[in-house]
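Chain IDs A, B, C, D and E follow the sequence of writing; residue 1 opens each chain.
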């Protein structure tokens, strides 16, 4: 433990691990066997964007937002409506979704991030509620409660990403990009500043850190990631409906951040895996599904306060150390 | 190198005036001690200087420039660093990163650039600087552990290292010795001197009088938020007002009658003592 | 009355107290002096049951109390006036005093409480004038009086006070200590932690000097007051 | 490095679970169903599921379709469109069903699902209400539905209004797909039939309709049509009674509200209520000449024997849907998807329990206004109020 | 404009229920600093249990009592059996655990009491009272009356009773309260019991008007939380003012602007209030916070 520690090296290690992981993820379409299982992979990456973005804001920045599903929906509807109603090419819609969700986070964040703790939670929750009403009631644009159907698939450079096989690679790239950006950001000056703000705004200010800017940046990043996730979601399902993006969904994303590992770099991977896989696994419990889910959540919160990542990461480190040792002994053997 | 000049500073909390028309100057490259009895307003003074509380009057000048309207983070970027009496470390961050935080203000990479990882060279430089400061304070071998793993004394040193990483021109130290075991106190004193030798102006609040008398070039004595005395350690120690105020009414003062509060008890109402078994009460008024 | 043996305590990984030994006889007015961070508050919190000691024993009238929760220790007759007074700001002075007698009022009313109430109001006449005022609006000195009065409401046999002089004007400090001395004269056992060594040693019978979590010196108040080492360490002269 | 390895391992474990081998009946016909039996729409889902269960049991007990039993794949959409979509993918890609019956008992969900089924070229028999599910047919080649079209329902209502001399009505629909679709149809029908309609709406989760009812009260209409399947419809009745509207105006609820439980919840607030409904709930009151009467009574007895409670028209809706699909497969001579689709479109004059079904290549909704009646609720059960 | 009195009355009655829910949020917020997301589920459960009791031929009063007691026990058990296991019960973790408890509560109610919506008869029938053209459902009066009673009762409890004042003492100075022999865990259990009981009562009195079903809790909780924030988290009169303000805003927005956008209008007003007065309408900032 006493070896020299370096954030730059930590960043490189994380990037390398992400690279290896993402190369491994390339095998999913081969393993998946059918489009349904493959589509779970797509949802995994979309959830990763949602949870990873929120983990930056909540886990590392200590700011509670109950609007992640709102930004998710904003992304989905902006891109969906632009391509369905205005005939924009889908990739332009995706870009617009990314920009608009980030900008609306700026607009909400400017007043809201001056509030602390529960007040920020309330303000974001209110914004989510307003967005839900808009998604539901602007029937002419969004299709209302029936949802927006007929969203075209993404076509980039002549490649049609309509099928899950192709779309998987888009989601894969977006998820990987998000994790890489997070790795770089967390080991940077701005990332440190954000973590400092979460622990003590007083300490941060005494280091010359503008706490407000740090929080605003994290809020915009989390909203941007959610907006991108939403746009991808809309073009993948070619459909969006309002109840996917309501307050309960926001609460669930918060829960997934905690289950994966609050403020843990690898947390979102676990959170997204749980979020994607658990409904499939609990399916056989039928009516008791929710109960099993709630009980499981209590167990994780009580006994794994660091989330799944906090429990798995030390084991993984130990295994890594063991493997390195093994590799070395093998190498030194004649 | 810089000087810190305080003029006519007042801080009010509700009806209470915690700092009252205080003024003093810490000259370039000196160590200025601020002493005073508990509750004299020393920490409030520090908070006002570093921008955590808003003074109701008066000014704080750094090198003659009035900084009293700046936010605390802006003051820090101008070279005004401080430590805290009750630590303000980032517990789950490594020791090294805590120190790197200190150099936040002196790094120039924009938010976007650091998000995209374009500031690598600067990062590595900051890392090297942080390690250097940790070595100075003898914490280099613990750079990888989370700050929460450090003992109290080491944590105090870490705070100083972090303040130093910002390459401050003026350093405010709030009780750097409080809670530091005797055997380590000398080390801290040496470090404070070493920092001062590099040209950093230091303002020091400390209860350990031996240390204050040893290291400070000049001492200002606060009492009830106000200026009471100022001068060399020797002068201050001799000043009868200081002895009277700082040490409580001097030990000569007999516990005499006090107006108001205690008159009713002068005769001494007997304490209604419960007996050992805890049942009932015994006796009441005298 | 109180026997502390090898008391060790701390917060999380940081151990603050290292094998603390001392004892207090019944009726004694004892001062625990030391600089900021020496471990005075930790000691008192450990004794009052706010902090579970890592090791060592505390005997109160021969009974071990180091594992008891705060309420049980209070019932046994040991009360603490916390550092910084900690009055219940939104509650009235009267309510603050009643809360002090919580263990006797709840679950059943104790007739002695009314007498105790009269007694503390007699001891602190100022409080009687302010009975229905929210405690948060009192001055610092009055709050300190209230904090002491509140602790007295439980009819303790040993009263501990953590830095009663903190943030008070010297005149008020003097008044506080006079009240304490009076209580001591009337048979209450007292343990006062103080940074303000002069004030504490002026009134106490005995003193223990705490430094970095250890008792480094003990003796009568007079002997400590005149001890040049104590004078140097705490008075810097 | 290794945190990733574990993540990967857990993903693989998940996929292994998903691949758990299914005991496949050799040559069985695979029918998939998605309904919401939890969440806000669960109220209908339970009955709809029961109707399917009963139909499939009956079919299998009689030896299946041309000797092939039905293998039923059921998923709970939990009233969430996302869950419904995932389940649809699962039915299409993993369970490889031959047809899907049931679209989550939410019109919006059925519409979302049909994007996937159309692309996969899979026959989809929706049991949900909205007309948009099957129109335009050019974009709904593979989708059919076993419920009445709102167009037909509104025509039937307009007939009734004409009979009673009602000219001015208020339409108070919920903002879900169910209510919106009905409002859209009513606009067309009203224009053609010279009805004067005041449109108001509410959210399905609303617990207060005073603002809307206040406006309606002041507008001088003769009847109020409320369109919802949610308990908000009970609130409507209670508040209408509170304002004294129930005794002055004709109050009408939709076929989605024909449910004993709602009537009991409404209590005497429902005493003057009319509901437009398929004939199923009033089977006993039908004249013996009605082609459906016998079938309705048979199903009612079978259902009561199995589930120990009375069936409602939601049971009928899905029961018919399964039979429609079964018949099409039988006539198609197998599970060839295109043939099944064509066979469905050729369904003519088939008397189910919910009505007489007539599909066509350009009409994927089988019921007509003749299948609809007006009913009321008296003495604990539904009674026929207006037949043809 | 003739409907304005009706709108205000409707707002007052929904607002009263929001106020009761907000009261529950406040009590738990004061003792834990956490947002109790199970509050809405407790309201739902109160309605469901009362309805089940009534369906089982219990007299109405007894059915309501049954609901209050059952939910109170649920609240206490949630605290004793689950929350107490937390090694470090910080506000955030408690909030998350309460979300999990909310999910479990909702699911259990569904499994035990079924998925059907349920109702109760009006406490004194449902024949509208005519008041100069204003037709009032008698239950509306019950709701407003009971809310007033509960608010006055809560005020009396926190101002007069030993236990209530002890709870305030714990909230103001937990350590000093422990030194007075007040067990903070007792205060916590009491807070959960109180919050659950008021929640259950709110559920029972609103059910005759709005029905209830196992999935009604989330929306009620959401509205109650908003009302608590609007009035000022932790302030007792704030809960009342916040609840009635939110209820009236909704009702007026629904009647005068558009029933589609009434939630949006209400929340927009709420956001503006937050930005202009972050501590809520009656909040005193940090003064009386834990």
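Going forward, a contact is a pair of C-beta atoms (placed from the backbone, for glycine too) under 8 Å apart; a residue touches a chain by one contact, two chains touch by 3 or more.
A quick note: this is a predicted structure, and the numbers were derived from the prediction, not measured.
Compared with subunit B, the chain whose C-alpha mean position is the greatest distance off is D. Taking the CA centroid of subunit A as reference, the farthest chain centroid is that of C.
Each chain gets a centre from the mean of its Cα atoms; for subunit A and subunit B, those two points are 42 Å apart.
If each chain is reduced to the centroid of its CA atoms, subunit A and subunit C end up 52 Å from each other. Put simply, the C-alpha centre of subunit B and that of subunit C have 27 angstrom between them. In terms of their C-alpha centroids, the spacing between subunit B and subunit D amounts to 73 Å. The residues of subunit C that reach two or more other chains are 75, listed in rising order.
None of the residues of subunit B touches two or more other chains.
Subunit E has residues 110, 260, 263 in contact with two or more other chains.
Pairwise chain contacts in this structure: A-B, A-D, A-E, B-C, C-E, D-E. Touching subunit B in their complex are the following residues of subunit A: 1-8, 11, 181, 184-185, 187-193, 195-196, 199-200, 202-211, 213, 217, 221, 263. Across the interface of their complex, subunit E is touched by residues 64, 111-112, 114-115, 117-119, 121-123, 125-127, 129-130, 132-134, 136-137, 247-248, 251, 254-255, 258, 287-291, 293-295, 297-298, 301-302, 305 of subunit A.
By the touch criterion stated above, subunit D contacts subunit E in their complex at residues 37-40, 42-43, 46, 175, 200-203, 205-208, 210-212, 214-215, 218, 231, 234-235, 238-239, 241-244, 261-262, 265, 267-269.
Of all residues in subunit E, only 162-163, 165-166, 168-169, 172-173, 175-183, 287-288 touch subunit C in the complex they form.
Per the touch definition, subunit C reaches subunit B in the complex via residues 12-14, 16, 35-38, 61, 75-77, 112, 115-116, 118-119, 122-126, 141, 145, 155, 157, 163, 165-171, 173-175, 177-179, 181-183, 185-188, 195-196, 198-199, 201-203, 211-213, 225, 232-237.
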